[in-house]
């Protein structure tokens, strides 16, 4: 079928999907400006494949068929494949102004997990679905996090049984599911959504151990899209967020029918944790890859604004820049190392070293807010008192601003850099990034746990015992 | 004249002042909704004095005249006076939803500094101006921070001589000043503005060593008000910022004439630093006092949302709460101790212990962003994916939300607490608070410097020498 | 009976007590040099009471009898009493070269706890014992921490029932106890030892809920004194540790008989926790008071050595000094505030505010090792490569050292300051202080728990709910 | 000449070298127990080359001659060579109980720097000296750090001109040098010492810009060996430091003659900085490689003792283990990445990526003391109160200890692990490691500076400008 182009992609989203935004049912997502911002953000991905400057990274040759496919769909077989994938995600995110397109990254993270963890019929169904997505060059969202209710209780023990997505009926044709997933990224502008379980489950949670895929425009499936940071944003004050936005939904399954060929897991609670975990390891690798442009921008914007303010040589500024560089480059080194330490999993599918991935994500997340503080310290109070676009447009005001807001460079240059820093460290968009740093792709606590689990303690334990004189080997 | 009431205050602002907002000249600040939000925020202060519930803290008996005055104007003579002032500021800020009214706090900080540092005629002028403000129950802003241009250069060495405010003419009647001040808080809704120098100055900067006060509605004085976080905000998603806003201006003096009786410093660069510093010590005491409701809210909101999410008993959540409590209560203990260690300065005017004040401010500022991270960790990803006010208003959407967003409490309660946390840790308002934490009332680096300067090293040095066997006392 | 003097104290320790040191039974502790170091350290305390320079702080008038007593025995009734106690401990520790005499501090911490928590007959016995100690001016140790075995198991569930001290027999005259306590400070040089339970206990642990006091020279009671950092130390390299040493023992009760009048708690597990906790709150107040000279020395020694090395003006050194000052002075402010916020407990006995005490201890402990690093950074590598006393004594070597080790001051001055820093941050003595910072008087984790427990959340919770729009008050 | 064996090495040190220890001239270093500890530590290295278990890593084939050489002398040409070198150093240090043999590591660091930075005749002399050392399988120390006096002054501006090593005479045969170097590691047990300049120098410091090599047993060259942690140590309490010790000297050049063929730099101040810096980059790579066994032991010992204490499952212990693992593995990943990012320098000699090396060293050093705290928290107060070797040897005491110090394992196992932790985090040996972490191979501040210098900012700057709308590329 070949690689989809931008217009075909836009058209494909006008399929009767059930989308609510700001309290209203939206008949055509491409016609609603806030939502279309997300659509056009996804177009970045489709355009890359057709842009000679990016074809090398964005398009791959399928190893089975030899045909051209979106490089996201390339199943990784080696460290080099993982490195290429990481660079593809980084470049896509640079183009997306710190927001990844995310219409294939997360979907393939889930697909690789399904292709590794499943077996038998379920594996065949997953393979068929993978080929369907790859050959159709489809955009695929993943709905994993349940709404959860009281988190101290297991799925089956909640006051309302629907607080975790579960199977409420089944027959020879398929299953019927009910429940809601939270924080589903890029569902509005995807073609399909893969549902994964969110945690380990016990025998009593069997009905909650369910994984499947359905088209977004499926009967009973409704997306309630978050209006966070919606509305118009001018490009002076919001250089990135005026163009880039991730759309998140609460994704409600109101007795949705799923045919068996789209069901990957049903009633096997023992597979819930392996599936959830395998996905999330791929996804943390994706995540750190797409964080790189943001933290590079921290370094670059801090160095720029310090220079513009005339303080680049101050000892404490140099200290802050050294800390920002160490942060950004440690995260980069760790994610690169996670790829270089690639392991080969089931069916020859490669995956990044789990401990190293989790250290990368943990290092990124744990120190993120402190780094934001350093960037803000380099910039100054104008971050929240600088004039806005309307001031700049008014000639009699602009004249005053040009006189008084110059640093070592003209006022406009300084203002634009200041507003970039505002966009990524102060404004709604910055808050979005900060919350993502902590909560997306699993919390900081989850990463800590995975570091513990994936670390091989034998070397350290035997060294300690030998040093203590307990083992004489 | 007695204590002004709310209506008189509102009327008093319709005085022809030159105010620009969003690129437009604003004829009446009370008629422009965004600006009126700041006006009504200031009204909180005038109302307190007339509210029986607050009279005890808000109204004081003047020690000279025995008449009733706004308690902010009470010149501190003791530790108890400083404690009372701190509590007044804290209570005012609790009512202001984490934003202090700030129409008298900062003005009196500057007045106390002038009353202590000045001598001779200048002191008499400052005293007269103090009585004018106190007896008229006036709102007084302070313009200190110059726009600064290239910060590696002294005022007189800038490319444009106007980048620091300076004297460009003088005659027997007064002086003429030119330049611009940045980050002037609450100027739009004040009656007077006090200008202070921003830093130590040398002989060549003599024309820049200038301090005076003028009414806001003075010819040649224009306020360019920041539109940061302007516009309507609904009260569900923005429980605090929909009601509370600090207005900041770039304050331009375009050859403004100041009569001698309003000039406090002119051409004595040696006084620039003492004046700047004395002001800022009072002001940091004010600042930490008004931070307390914000950091109390960090603790309270984190504990609440953790309980609502059903995770209050998790080890890592308890760890985070302990860290938040230690943070909030260490800051509180230090600011209280700064008052208890009151020193008596020139003319019997008390001031908080400088080292302790600076430790309080530094502790607050240095750890602020890490604390924001902990609050966000307690809350969850709904901070940026939760539905908004329009969703909640739409019955068919609300029904879904009520079902799926409940925790251990109904969805509405959880949503409201989530949005409070969003307002103070994620949104524009949160970014405003974060930048203030770092830059307002002097930067973190300035606080560090003041801790070094105000610490008396003799005890520690002599103990070290004695321990080292170098002194035998 | 009056205040004991040094000679009487020394003589009183030759009482047949069972002490083991370096594998040998020690017949007279004052005749064994390593142990005598501890004895002479305790003498500091008895000397202070007879030294006119210290009488004011060291001697108090008993409120009951009007006679002179050691000020440690003064039962606190107010904030001022607590402040006086804190200063007494600080001054004693300055004289002791960062090691407190600790022969009455900890004993009175335990006595105050007994006097507050007990009731009925038990209270009367505790009062009688308190008068016995006070009137005899006795040195009193406290044995609280059990050896514990497998910490995941309760006392009664241990493999060996003796791993927590417990009652193994009782009759009309008294009880018989068996078990061992770890880390008993200053037992070797005390007259009495008070035993306290170490943790909360359940009904099955009833036999382990035991508190009493016996003379050190009691049949069946043996002290196994730690040889940590024993042996001769020259005063050049070890300016403090050559003179000051705390002696710690494993204290074994091998079927020790305790008469009823010395039993304070027996078989009431419900009182174990209140007693343990009340003691530890007094004891943490004592602890932070005696840490002050050590952290003051961190500041003074760092500033001195930086000056001697010629780097005092370097930006990064000033940064480190500011951090050290903020650390030392925050701990000091918090412990002072804990006294100022004194609460009045049972029977009118005052105690420091628990939350503030725990914040002081936690702040001290949590940041201790980082502060050590800063001190070492100010000093330099000579900390571990500097010549020792024998080098300095040899004229031909000293001549070389004098030439080559001078800084901005002569070599000897620099060497002595360097060795002081070595003693408190590098050597065994430093390691002892570091481990104490973390483990003594309860661990960092215990302090965190107590902060959570003693914090009153009502203000913060109601503010958060009000801000969130959930309470309208 | 082949690879030297242990006996030949021992014999080679009896060469009349001038060594002072504890104030006395030592005629034979192998006959002085404290010094012989260092000699035998070096023997580890010579033994490895003859031990079949280690030949693969310890012996290399020289690329020029094809003969067998010590692998340390292999000039790196690729990432793989650097990785092999790192592993060799790590394995040597595991055998050395956290102390590297360091008799060839540091010498070859200096040789590689000389071989890269020099040119012309100087390069030929360095090459000849390299072959001399390699073919003789020699132990080579490096004396770099001058004693420095007042660090705010340049070498030529010191009160005594000898405070930095300098040339005091020259003729056709060679030069005469005077001065002293501090912290010279492993000089006592080396054959040769290479002298390098310590810092950037200006024209007035020309006489101080000097580099050369001489045999240790050279007339006028005296070693004053530090007695830090000297004396006997039993193996129970000091499992590592009883066997492993690094010897450090103040190395005095009292008008030492150096023939021209051993002079590498003389009178060219412009080469001082490149030489100092090139050496230190190799040396930091060496350093981090030899830190790995120490920080692995932190992890292993913490996990072991927590298990033995019965607290391995406690939440806060798991938290600490996760932090320790992340620390150790981040350092490991960075040093491995520094090798993988190898660059090829002058004459085809490879070197590790400077930014990555410095990040590895900085990460190791900056967080070292906090990690020590975590290890101590896992262990408990027995670290400083545990019984010693003499207690354990005495049967009547051991019986008590065996009963009361057991955890989930017998007392001996727990005691040994406890003492290992004492040795590496509490005792003199631990202090030595801690000071090395901060000061060896350049201070933390120097590493920060190198991160700034070696970071290529172009990518981040252009991304920031593009994001800010300043560059449209």
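Every chain is named by a letter (A, B, C and D) in the order it is written, and numbering of its residues begins at 1.
The definition used in the following text is that a residue touches a chain if its C-beta (ideal position, glycine included) is under 8 Å from a C-beta of that chain, and two chains touch if they have at least 3 such contacts.
Small disclaimer: the values here were computed from a predicted structure and weren't measured.
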Spelling it out: a chain qualifies if it touches subunit A and also touches subunit D; which chains qualify? B, C
Could you figure out which pair among A-C, A-B or B-C mirrors the A-D interface, over half of its contact pairs being identical by residue number? B-C
Of B-D and C-D, the pair joined by more C-beta contact pairs is C-D
For subunit B versus subunit C, what separation do you get between their C-alpha means, in angstrom? 43
Please compute the C-alpha centroid of subunit C, do the same for subunit D, then give the distance between them in whole Å. 38
If you average the Cα atoms of subunit B and of subunit D to get two centres, how far apart are those centres in Å? 52
In subunit C, which residues are in touch with two or more of the other chains? 316, 319
Per the touch rule, the subunit B residues reaching subunit C in their complex are 94, 97-98, 235-236, 239-240, 293, 296-297, 299-301, 303-304, 318-319, 321-322, 325-326, 328-330, 333-334, 336-337, 340, 355-356, 359, 362-363, 413, 416-417, 419-420, 424, 448-449, 451-452, 455, 457, 459-465, 467-470
What residues of subunit D sit close enough to touch subunit C in their complex? 20, 22-24, 145, 147, 149-153, 159-160, 162-163, 180, 182-183, 222, 224, 226-228, 230, 248-250, 252, 309-311, 313, 316, 368-370, 372-373, 376-377, 380-388, 390-394, 397, 400-401, 403-408, 422, 425-428, 430-432, 434-436, 438-440, 443-445
Report the residues of subunit A in contact with subunit C in the complex, numbered from low to high. 315-316, 319
